[in-house]
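One structure coming up, written as structure tokens, with questions to follow.
First chain written, first letter: the chains are A, B, C and D, and each begins at residue 1.
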Amino acid sequence: MQTRRETLKHSAVVAGLLASTGLFPQFAHAAFNKAAFDAKTVQDALKAMGPATLAESKDVTITGPDIAENGAVVPLGANTTLPNVKQLLILVEKNPSVLVAMFNMSDSIDTAVSTRAKMGQSSDVYAVAITADGKAFFAKKEVKVTLGGCGG
Amino acid sequence: MKLLTALAALGGCLLALPALAQKTTSQGIDEYRAMLQDGNPAELFEAKGEDLWKQKRGPKNATLEKCDLGKGPGVVKGAFVELPRFFADTQKVQDLESRLLTCMASLQGFNADEIAKTPFGKGEQSNITALATWISAESKDMRFNLPQSHPSEKVFYEVGKRLFFQRAGSHDFSCASCHGEEGKRIRLQDLPLLTKNPGDGVGFAAWPAYRVSNGQMWGMQQRLNDCYRQQRFPYPGFASDATIALGVFLGVNAKGAASVAPAIKR
Amino acid sequence: MKTKHKILSVLSVGLLVAGCASLPSVSELNSLTDAIVKASFRSEGIAHVDRVLSPDETNRACSEADVSGKPLDEKTAQAIEAMNLKSIRWPANGQFLGDWKEGEKIAQSGRGLTWTDTANSPNGGNCYNCHQIDAKEISYGTIGPSLHNYGKLRGVTDPKSEAAKPIVEYTWGKIWNSKAYNACSNMPRAGHMGILNEEQVRHIVALLLDPQSPVNK
Amino acid sequence: MADPMRIRAQASGDKATVRVLMSHEMESGQRKDANGKIIPAWFIQEVTALHNEKIVMTAEWGPAVAKNPFLQFSVKAAKAGDKITLLWKDNRGDTRKDEATVT
């Protein structure tokens, strides 16, 4: 593992790199998919992503706690054993906007990602895998969000 | 889409099932906490703190590398698990944060009174928290062993004990109302018994900690400050003798507990 | 600054004593603690510094007993209970029971009276922080006893009946001033200290004693 | 400028597990300030991961990713000494790039 000092040293160099443009032209993403991130339902989010079909699949897994002590940080993971997966999505059904994160896959990584989401209340959470031929497969589970401490 | 709707309906049924058994709840929460252990955002503050320690800053453009945290100038490893303690140069019992304030004033030329008045998380206060986070991390897994040889340290323990049992405020709460008995909870939060060693990485041995609920890094000063707020007490000054005496009481009681700081908390 | 000097002098007196004996006396430590409290706390928002500077007799006696590790002697305890019992304000309109649904909301809320609250924000009862009440709420504390089936277990089928009167009155009194029944109870004195008003106490009593309340279902 | 990320990349077998912590408010856009005004959303919107300067993953995030985000993924055919680079860009256009060496 690299030391913290190295990270800091690197970041100084890196600041310069970012300033001098064009070193990573790949960083210019396709335009942020605003429609997908504004969607209020799982269906609408997927519509904005493009796939025509959606089915539950045992080959997709959503990982997360059964109970989250605090909705501010809920660890969620999506992974799949399906071939030709183009994108992995993490969604929280009862959030004001359902789509939490979208990951564009490549052959160089495992089709498994984890991150942490905010959840306003207990809800179903979804992992969706979109394949190259435009099909979407999902898994879901319920995550309960408990109240905090003294409430003060 | 039909399937999804059907499944959503099923989800609704699941929600309507009777409440989960208590045991399952606490197991579920343990599982949740375990999931958060890997990747504690406190690491971000740790890195910042180490950088701040070695950086020339303040009116005197100096680093903190000559700061004496109790084990000699510049000695960081092991200092955390022996604080608060008596310092001869200030003739005061000091905790980690008040000691950092002293060093920032004497070595770097900062105005200690001004920093003490700054709200938590702002300006130099957030730097003190980052420094405390890194310094605590340098004593990770070491066992608490606060000195009690100087008379002032003994006096502060006794004062801290009185503060721990002080019932006051609109709700008559003392620290002991919540932390005076074994195996109690507020809502679902387990409450450590703080009149003795509550175990490795529990209570005093778990701060500074990253608070998941608000995404903030808290040192012991802020932890105690918020305890007092919830106790409905008036406001304890930053690095005030009351907070330090309470720290001595908790720290001495925690003797032998291994430090897990910086921890991650709900 | 003046207080700071005072404190230092108190402390150094303590230390001089410590020089020859092992520790300052109990009364010296008590007054040093008072001086430190005075120098350390300040008013903030609605949390006035008086809240720690002038403890009432109940809190003073109970804190001291806690420090010593010994419970209050029976006579002092009884005197404190009698004093607190006398302070209980019984419902002005003779109505002990309000709406249990409102009571549930008050029991859920832990808000009010901190320095981040305002004077006109409604206070909660903090009940679930320490008690199990409605079994459907899984997030409850255990500092106080479970109150699930509170009325049922006490045989209250009609809170308005003569038979239920002692339990109804005790429930009111306990919420209004817990120390009337247990001198050094951990429970706040909700009515006595102005945490909850009469109307709110009525709702909590209903939550506990109304046969329609989920507590008794 | 934003604080550095913490990146750990650990090789095991024929791949490396990458764990990243980013320093960011991730303001949801749902919260109100003391005066009742909505605090505008402020969040990391784009993330790119590179293995020895080759892009292996890109991501788009919304404001529901938790504050001080955590991200974990595994890079195939990565070995000790390889370089892992992460970049992010938030909705205000602020960016950050950090690197780590696989161990």
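The criterion applied here is as follows: a residue touches a chain if its C-beta (ideal position, glycine included) is under 8 Å from a C-beta of that chain, and two chains touch if they have at least 3 such contacts.
Not measured: the values here are computed from a predicted model.
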Exercise. Looking only at C-beta pairs in contact, point me to the busier pair out of A-D and A-B.
Key: A-D
Practice problem: Taking CA centroids for every chain, report which one is farthest away from subunit D. | Solution: C
Quiz prompt | Centrality ranking, top chain (CA atoms only) | solution = B
Quiz item: So what's the Cα centroid distance for subunit A and subunit D, whole Å?
Solution: 12
Quiz item: Using CA atom averages as chain centres, what separation in Å is found between subunit A and subunit B?
Solution: 32
Practice problem: Please report how many Å separate the Cα centroid of subunit C from that of subunit D, as a whole number. | Solution: 47
Exercise. Could you list which residues of subunit D touch at least two other chains?
Key: 4, 6, 26, 66-67, 70, 72
Exercise. Spell out, as numbers or ranges, the residues of subunit B touching 2 or more other chains.
Key: 20, 25, 47, 186-188, 215, 229-230
Exercise. Quick one: which residues in subunit A touch 2 or more of the other chains?
Key: 4, 7-8, 72-73, 75, 116, 146-147, 149-150, 152
Self-check item: Residue numbers on subunit B that touch subunit C, as the complex places them
Solution: 19-20, 22, 25, 151-152, 154-155, 158-159, 161-163, 165-174, 176-178, 180-181, 183-188, 191, 229-230, 232-237, 240-243, 245
Quiz item: Which residues of subunit B touch subunit A in their complex?
Solution: 1, 3-4, 7-8, 11, 14-15, 20, 24-25, 28-29, 31-33, 35-36, 46-47, 50-51, 186-189, 212-215, 229-230, 266
Practice problem: State the interface residues of subunit D toward subunit A in the complex, per the touch definition above. | Solution: 1, 4-10, 15, 26, 28, 30, 45-46, 48-51, 54-67, 69-77, 87, 89, 95-101, 103
Quiz item: Along subunit D, where are the residues that touch subunit B in the complex?
Solution: 3-4, 6, 19, 21, 23, 25-26, 66-68, 70, 72
Exercise. Using the touch rule from the top, collect the residues of subunit A that touch subunit D in their complex.
Key: 1-2, 4, 6-8, 10-11, 14-15, 17-18, 24, 26-27, 29, 32-33, 36-37, 72-75, 77, 92, 95-97, 99-110, 112-118, 120
